Each structure stands twice: as structure tokens, then as C-alpha cells.
Amino acid sequence: MSVFEIEVAKRFKDLDPYDHVSNAVVIDYIMEARVRAYRLLEQVDRAIIGQVVARQEINYRRPILFGLEPLLVRTWISHVGRSSFTMDFEVWDEGHLAADAKTVMVCFDIGSRQSREIPKEFRHVLEANLHAPS
Amino acid sequence: MSVFEIEVAKRFKDLDPYDHVSNAVVIDYIMEARVRAYRLLEQVDRAIIGQVVARQEINYRRPILFGLEPLLVRTWISHVGRSSFTMDFEVWDEGHLAADAKTVMVCFDIGSRQSREIPKEFRHVLEANLHAPS
Amino acid sequence: MSVFEIEVAKRFKDLDPYDHVSNAVVIDYIMEARVRAYRLLEQVDRAIIGQVVARQEINYRRPILFGLEPLLVRTWISHVGRSSFTMDFEVWDEGHLAADAKTVMVCFDIGSRQSREIPKEFRHVLEANLHAPS
Amino acid sequence: MSVFEIEVAKRFKDLDPYDHVSNAVVIDYIMEARVRAYRLLEQVDRAIIGQVVARQEINYRRPILFGLEPLLVRTWISHVGRSSFTMDFEVWDEGHLAADAKTVMVCFDIGSRQSREIPKEFRHVLEANLHAPS
């Protein structure tokens, strides 16, 4: 399956003075979905996957209120390049699309602090899960 | 039932440079358990329950690592006074007690910004759920 | 002056397990610079400026380490539309560009929860501070 | 000088739905003051000072509102034991005491994950800065 559906719990602390989830917290939800998708892909060895976030884009569609039910974050790998790849995200709140986002990751050599090609075994995982959005 | 068992999800963002949940985040877990316990008690009208945190105590027992499984926070009302009451917390992580805590809440009149007696209907709820720790 | 230079203090808590500022915290720095620029513009009445963040873009250029010196965030208004406007940001860390970003804001009527034209007096402020990036 | 006076900047993101700084954020201010006091003491080598927070106590005295001016956090070492020591904190907001706190730190051997005696050179620094609150 190449689209992951990840539950991410809200926290009351995510709220801002407007009683909405702060726009700056939506990026936390996306990060959480990404980390959990990696776990599902069994990609947890930081030495192997060593990578950094190079770019984020987020579109806010609807305010998110607090509630006990978790958000549903749909995420998929939308592009695999030479040293970078892209993950797409949709944040669903009570059946409504609240935000969508795109994260560009770059593989990175911790020693030299330079970008590097996506390691071969990690590339296999990414390509096997590549998903063209419908 | 007078002890609430609340699941609180970890987030990767809770980690600090030691790869442990930051001690400053444990208070977020406690706040989340408190808010969710209130929901279970159907006490969500801020005008009625209007209250502020007056004091927190936290003992850190074990480092908390990241994981997909939620924490289990046990919480109960341990003391009810005239204008204040106390909630106790235990944060359980994978079967181990990771922290315990105590929060003193004071009822508060939003208009006058003064403490006030616990409103009668909220006192009934608190007293009905008062729990002497064993 | 149409480019604001805002100091934003780092916090140790901003660090992630890689000992860098978490990419998800850079958006907090941008929000902080935006709020402080509004204060400098004397635009603090939420009823008047009522607006929401519609879109964020962030490019991460360099990792940010902890330090006592504040970041310098340069921000300017780069576009003014009918109901939306765009602010650009550069996050400078110890003389190096660490990130750049773009935030699209939409004016919003709190009552009807609909977008609306930028209020005239706020538009004057925005246009007077519009800055074409060199 | 044995009382440190540390400026800690507020962030708009620290606010909760009551338009006050969240009680859970006050612990971030305390952590920040502690880290910055260590820098002033030139105690930054984590291998040497290796320690964990064992206990926190916070009393909330007044709500903290957002503002451009930083908080002033006064902190001092109030007790030095065999393997643990205590730091006291006062959080001052615009000339008013907003919170006071106490943090108990335990020295910790990262290898064995056991508490250990305070290392001799670090003990000298602590004792030289021990301060009996007036």
C-alpha cells in the first residue's frame, strides 16, 4: 500500500488565542505522520536514512478545533529524485480536509554535512511506495 | 470510577537533544490528561469551571523514549478544598512509571480576576470522583 | 522603512535529537517576527486585522544551532491582493541565511467565517510598507 | 555574583485560548534560564555536567500576557547535596512576580544510567555560586 493513513492525536496545548490549532502546529502533525510512516516502512536507522527537510509547503483549508478524536493524516511519496524526494500530506479533521502539505527531504551525509545520493536500499523502499496522486 | 486512565500520544517533536522526551513536555502530557478527564466528566463549559493552575509538582522517574504506543496517564482528584482542588497524575510508559505529578487548580472569576468558591455543581462532580490514593 | 529586522531569541527547547533547531520550530520564528512586525506597524486590533494564514512556504538553507544570540528575521510585505497579502521572511543566524519563507494571509470575517476584502485602513498600512525584493 | 538575572523572550505562540501564556510554557522559561545560567558559568560540556531533572515545582502567581519585552528570570543555586542540587527561580513579568519554581537536578552517568556524585569541578562551581535566599 502506498498511501499511509496515520492517526495523529490533537493536544489542547495546540490551541492558540483564537481557540484554533495554531497554524504553526500543523507542521508538527505532518512531521509526526512522516516519522510514523517511516516506522511502518521500517526505516528508522538514522545513519542510513540520514536526511534533512529542505522545503515545506502548507495550505491551510479549514481551522482545526480541539477534540478527543485524532486527526487522520494521509501521506505518500510523490517524487523520488537523485538526492531528494518529496512526501505529500493531507490532514483530515472529522471528515474534512483541513490542510495539505508537501515536504522535500534531502539525503545528507552527517560526516561531511553534504547532500548525497539517496542510499540504494532506501531508494528501493521509496520507489516501491511511490504514489501518483489521483 | 474515580481513577481515569487516559491515553496520551507521544510525538517525535517531544524529543530533546538527549533523544528523550524533554522534561518540559511531561507537563504537556499531564495537561492533556487533565483536559481529557474533564471531557469524560462532561465539564467543558469554561464559564462554569473557570479555573487556573496554581501549582504543579512533577517527579521524573525514568526517561521516556519515542514510540508509537501512547502513554497511559492515570489521574484522580486527590483533594477538594474551598476554592481549590488537587489532581494527581501518574505517567506510565510501556508498563513503567515514568513520572508522577500533582496539579493544584483554583477556581477563578474571570470578571473580577479573583479566586472564588468552587461552583456547587462542579464541586458535586469533584467530590463524586474524589479518590484516596491507595 | 519597509523591511523589518526583528530579533527572535532561540530556546534550548527548540532543539531536536540531532542537536539542531527542529525544522518545525522555524515556523515559530517566522510567526514571532510577523507578530512583532505588526506591533511595529501598530496593527494589533484583532477585530480590525482579523486574518488567517492560508499558506506557508519554507526553504531550509542551513541547520540552526543553539546559542545565546538571537536570530535576525528580516520580513517585508511582498504582495497585496484583494483579500490576501504575502509576507516574505529571511532567517539569519550568526550572519548566515538559515531559512527563507513566504506566508500568505487572508483577511477573514470572524462572524461569517468568510474571507473578505482587506479593510481600507489596514490596506493603507500594507501598501505603504510594500517592498519589492531586490 | 550568585543570583543570575536572565532575560527570556516571550513568543506569541506561548499563548493559550485564554490569551495568557500557557502554564505549561512557564517551565520552558525556567529551562531556558537554567541553560543560559550554565552558559554564564561556562558549564556546557554535557559529558562533564551530565545530569537530569528529577523534580520540578512551580507556583503560578499571576497570568502572563504577551508583550515584546522579555521576562526577567532570577535564578540561583539553593542547595548542593551529594549527587543532586537545587536551583530556584523567580519569573518576573513587567515588574511583577508571575511565578516561582524549584528544579532538582541529579548528576547522572550516561553509560551506566545511574546517579553519581556531583563531579568535583562542577561541585566547586555550584558551591561558589550557592545562594541562600534572603
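Should a chain be cited, it is by its letter among A, B, C and D, assigned in written order, with residues numbered from 1 in that chain.
Throughout what follows, a residue touches a chain if its C-beta (ideal position, glycine included) is under 8 Å from a C-beta of that chain, and two chains touch if they have at least 3 such contacts.
Please read these numbers as outputs of a predicted model, since none were measured by experiment.
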Practice task
Sort the other chains by how far their Cα centres are from that of chain B and give me the top one.
Solution key: C
Practice task
Go through C-D and B-D and name the pair with more C-beta contacts between its chains.
Solution key: B-D
Practice task
Round to the nearest whole Å and give the separation of the Cα centres of chain B and chain C.
Solution key: 34
Handout entry: Distance from the mean Cα position of chain D to that of chain C, given in whole angstrom
Key = 30
Exercise for the section: Can you check how far apart chain B and chain D are, centre to centre, with Cα atoms defining each centre and the answer in Å? Expected result: 23
Exercise for the section: At least two other chains touched by the same residue of chain B: list those residues. Expected result: 13, 22, 24, 28, 31
Practice task
In the complex, go through chain D and note every residue touching chain C.
Solution key: 8-9, 11-13, 28, 31-32, 35-36, 39, 66, 68, 70
Handout entry: Residues of chain A touching chain C in the complex
Key = 22-24, 27-28, 31, 52-60, 63
Exercise for the section: Sort out for me which residues of chain A touch chain D in the complex. Expected result: 13, 15-19, 22, 24
